[in-house]
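Read through the structures below before going on.
Both complexes below contain chain A, partnered by chain B and then by chain C.
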Partner chain A sequence: MEQRNNKLGWLFTSPYLIYSVVFFFVPLIWTFFLSITDWNMIKPKFNFVGISNFADALQSPNVHAAFWNTYRFMLIFVPLVTVLAIGVAVLVHGLSRFKGLFLIGFFLPYLSSGVVSALIVKGLLSYTSPINTALRGMGIDIDWLGTPFTALFIVGLILAWKFTGYYALIITSGLESIDKEVYEAAAIDGVKDGQRFWRITLPLLYPSLYTTLILAFGVTFGIFTEVYQLTGGGPGNATNTWQMEIFKQAFSNLQSGYASAVALLASVATFISIFIIRKLLEVWGKRNGWV
Partner chain B sequence: MKKRNSALLMVTLSAVMLSACSTGQNTANDNSNAAAGGVTTIEFWAAPNPTQQAYWQEMAKAYEATNDKVKINVSAIKESPTSEASIQSAIAAKSAPTISENINRGFAAQLADSEALVPLDTISGFSDIVSARDMTKTLEPWKFADGHQYVLPIYSNPMLFGWRLDTLKELGYDAPPKTYSEVLEVTSKLKAKYGDKKYLWAKPDLADPTAWKRWFDFYMLYDAASGGNKFIEGSSFTGDEKAGTEVLSFVDDIRKEKGILSRQVTDPFETGTGIFTDIGPWTFSMWDQKYPNLKYNETYALSMPPVPDDVDPAQSKTFADTKGLVIYASATKAQQQAAVDFIKWVYSDAANDAKWFKDTNLPPARDDLSTNEAFKPILDASPQLKPYAENVPNAVPPMDNAKYNDLQTIIGVEAFNKVVKGEIAPADGWAAMKAALEKALK
Partner chain C sequence: MVGSKRHSGARRFVRYALAIVLLLIMVYPYLYMVLSSFADWSQIDKMLIPTKFTTRSYDWLFNGGDTGITRPWLHAFMNSIIVSISSTVLMMAFGVMVAYALAKLNFFGRNVINNFVLFHMFFPAIILLIPTFLIVQKVGLYDTYLGLILPKAVSLWAIFMYTNFFKAVPQVFIEAARLDGASDLKIMYRIMLPMSKSITTVIFLFLLMERWTELLWDMIAVKSDSMLTLNVLLSQMFGPYGSYPGPLYAASTILTLPIIIMFVAFSKKFKEGMQFNLK
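On to the complex of A and B.
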């Protein structure tokens, strides 16, 4: 019986195991191997270069920029998308009809291509676009994609627009799961309307918020399409990201070994950052008695 | 049982990993399926655009009709994520073609550096192609630092500058200015008349450090100012400091006159926001469709790059936007020879180059483009192509250094982009760029 269960267990887990081996373990080990060589995938021979790719990457201004820009994007994107998603969720939750329709409407940007949205924004922010012409008429002349802060902000804004609907769905489901009786009981206990959100909704929404925050922080480590289309990582290195740097080194400079080292550094930075963020969120939740 | 399953899993994992760790290389002789039944099959990868693919398909079909011992499969290079990366992946996966076009000199240097290419001059019949096609002079600057020719240029666009002639006429000029001081004079008159409505050079790429963008601003001006100095030769920095500083000072002077707009603008030259820009012959078919109001020698004129005041404008050189054919080392000897024979057949008849020119607007890389009768009808029908044809021998191809992406990024990051934005003095920019280039070349 035990042996039969064991076989069945292997059978059911085999798709995941095979998937993990093919799409995770093999590429991971392959990346490790590449990162200690100077191979560009074309040369008939490769040289083992030890940790020199890592040492070069750690000294590269492009990699430094990618590292810090991730946190700059976090500072812009995470608060923006969280506030917007909560706002959308609260508004939609309060509707008596067509909740689903509105949620789908907000979710649509998530399904749209990052290339298309980036190109539309590029057109809107063109120097000769009606928006900029009107702004210049009012004496406001901003080089949106040519100034470090505005370029960062624009990319953060596009991402927030894209992900708001998705996170709003998660938060809405959290709101839906809060029992109305809790609010009724709180009202009897004298909780005022203005305190309801902070005292009841937010604590009970914590599990959904935790999920969306972790997802949102994770997004900032994978930014590529919008930056590639809008700024190419510029001006200077102001919007360079991990993915952008890996792409440039692997596919423009054809330095597969170096790009693999950058990819591994990015993985380590992502893992450590998300780990710390998770811990901080858990401490925050526990301190407030939400978990 | 558990142990057996674990062992099986480990063996499978190891096998998959070991197969992935293979360098994926094979020798020319391993590729044995090339010649079957006495017929040699070659794979030809054409540039990823329908016109060029159709041209090579037609050539292949015509050649097969004259030679039943060769079969040529023409397909387009995939562009995901880039055509260079597709070629790199194909070589790694042992599925490289026999021959491909659309290869620039810098990428060819990367491939040659990795022993992925055959030196064309070592294959019998190559010198016949060069003499029959009348391209000795055009081919000369393509020689690599090791003395070999790895690329046969197909076309060579001497990049020219376009001027909005309609605006120039409004400012009192009948022809484009040719020297730096003349250009600056036009800029100050333009700004006096139009203020922020028009700029001399409106182009977002001027502030963008992407490597290839320097071909169409810095290199065009630098080639003209330096008389075609190679800038980087092999792994040595050979830049002409006087010429380079003059180029950067010229750009800085235009900026000071508020003649540069490096902000995001759609089609600034076509809409008249800018009156000066680099133009390749591929532009004209787009203009025919989208901007039919632009007429050669009416609304726009073409010129070689402006030169410093102490340089003769008639001696102006420019950047050659040029790409060519390479033959891959992974092909068998028979395939390599068949590929050269095919190319020899194509270029033995100037009519084939004329067809290319007519179909693509891209000037064939020949010394006799402006004198050979075969091209006269095309140039007569499209006079805007004449200055391109005339300047093929005055065009300098890109560097042959495998690190060209890094090196050209340095030009932008350390000097050109900063000068455009007024962040560095021209001489300081040149010094910083030179130091960074020399460090990168070590």
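On to the complex of A and C.
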């Protein structure tokens, strides 16, 4: 019979419990409270406005943009990062030496600050940059950050650059856990080399793929630094994100009540989307007999 | 299998060549940043690989060049170190304590707290941003180190990772140590932590990296120049230094190098730890 140790248990968990009261419970309730007021962060007085903040937010083109852009970023970022990460993992896994070194190399972009990657991309895509000069030589003249689709694509590309190595690490350990005998057995059963990847590797990789996909989908709900630094949400609203919108409304326009309503809408959208994505991934895995 | 040996040499070469090319493409942006920070100003953002070099950008960063504007970047660098190290150490220490209690102590309310951690993890941090700012302001921590550190003193992810790891440690170790008269603090410090070296490295590096590159909170939690962290200062330099990309690349290099050095120094343990926590 294990002995009970109530005092020590509460003592060790107390830092977290205090933290969660101050930085979770109170803010959570406060957000709900703010969202039904018109408080502007400066005036001591405010009015209760009921659900009008939510009604305004639901009609705001900025909020619509943030909502849809999340899924646009998904469409660009998730396939890109998944293919790249699987590619890197399979490539590195097939190497006989320096595997770890290569993986670490591919992981390095993950350590960059969004500010830094935005700066580099700005330099590489400036009007006089070598890339644009060369493209103009071929008759292609693109204003990368001033065109809605390319601006969106570039933010997606930066994120893919950042996360590829991280996800490749996860997929590599999935690859390493696949037993070599499975391949031998499959060869005997007549699975051709060309089918090997699709019929054996990919299904057995499903658990690590599931992890990376969930992580990758999650990333698209929290985009801030790259967009803030590179486009400010523009051109128009082409790259606006939830975090960007909340930040702008709360700390530039000082509309804390309205911004709280947007934040609550953002979390509802996040909850529901992630829930649906999880379910879809599970159904997809089950239907293929991968789980 | 006949002939596979003959092919394998060529195949291996292609694989390595491909891996190296892909790796070069992936790390090229860093290379571009470092080279541009040392490039002659006539070549910055005009050549993919500059050929003429100078330390002028760093001189500008330190001395302000002919704008005469000196930004407190060295101070910001120190701020980044102070804030990210203290935050990370707190997140680790609290993570270990809470995880030890949840994984190895039998106490009233353990399941409730355990489930609560999972519930808490589920919430997107963005809904808490505005009230957290207001709380920090109300208790007088606005524009102070504590205001930067305390809201980021607990990491649910660290608690989660450590709890899973500690659960795998056989209870026998702990019972034996207890019989020898070791206190729980001593067990944590002498048994749990040494056993968790590689996963500790992973958690430490991820937390440090995230704190080091944090923009949003560091931007809204302070206002005075002396409190800026390096990442925020760099972000602000986009404006006044906008027409001087050289110093920006220099500052970026200075921001990026410490974290890469940290990471490379721990890379072996990091890889071990990653493998553990993914299996």
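Some observations on this one:
By definition in this document, the second predicted complex is superposed on the first by the 269 of 291 C-alpha atoms of A that agree within 3 Å, B and C clash if a C-alpha of one lies under 4 Å from a C-alpha of the other, contacts with A are read in each partner's own complex, and residues count from 1 in each chain.
Here is the rule we go by: a contact is a pair of C-beta atoms (placed from the backbone, for glycine too) under 8 Å apart; a residue touches a chain by one contact, two chains touch by 3 or more.
Just so it is clear, the model here is predicted, and its values are computed rather than measured.
Three-chain overlay on chain A, with chain B and chain C in a clash. Legend: residue contacts after superposition of the two complexes on their common chain; A:Asn6 is shown touching both chain B and chain C. Contact with chain B, but none with chain C, is seen for A:Pro235 once the two complexes are overlaid on the shared chain. When both complexes are overlaid on chain A, the residue A:Asn40 reaches chain B alone and has no touch with chain C. Within the superposed three-chain model, A:Phe224 lies in touch with chain C and out of touch with chain B [touch as defined at top].
Contacts of A:Trp30 after superposition on the shared chain: both chain B and chain C are touched. Put chain B and chain C next to each other and count what each touches on chain A; the higher total goes to C. After overlaying the two complexes on the shared chain, residue contacts for A:Phe251 are found with chain B and with chain C alike. In the superposition on chain A, contact is made by A:Ser126 with both chain B and chain C.
When the shared chain is aligned, chain B and chain C each come close enough to touch A:Val22. Shared contact residues of chain A with chain B and chain C: 3, 6, 10, 17, 22, 26, 30, 123, 126, 128, 247, 250-251.
Those residues of chain A lying in contact with chain B across their complex are 3, 6, 10, 17, 21-22, 25-26, 29-30, 33, 39-46, 122-123, 125-128, 136, 143-146, 232, 234-236, 247, 250-254.
By the touch criterion given at the top, residues 1-2, 5, 9, 12-13, 16-17, 20-21, 23-25, 81-82, 84-85, 88-89, 91-92, 110-111, 114-116, 196, 204, 207-211, 261-266, 268, 271, 273, 403, 405-406, 413 of chain B touch chain A in their complex. Those residues of chain C lying in contact with chain A across their complex are 12, 15-16, 18-19, 22-23, 26-27, 29-30, 32-33, 36, 44-48, 94, 97-98, 100-102, 105-110, 113, 116-117, 120, 123-124, 126-135, 150-151, 153-154, 159, 184, 209, 212-213, 215-216, 220, 231, 234-235, 238, 245, 248-249, 252, 255-256, 259-260, 263-264, 267-268, 270-271, 274-275, 278-279. By the touch criterion stated above, chain A contacts chain C in their complex at residues 2-10, 12-13, 15-17, 19-20, 22-24, 26-28, 30-31, 34, 87-88, 91-92, 94-96, 100, 102-117, 119-121, 123-124, 126, 128-131, 161, 164-165, 169-170, 173-174, 176-177, 208, 211, 221-222, 224-225, 228-229, 242-243, 246-247, 250-251, 256, 259-260, 263-264, 266-267, 270.
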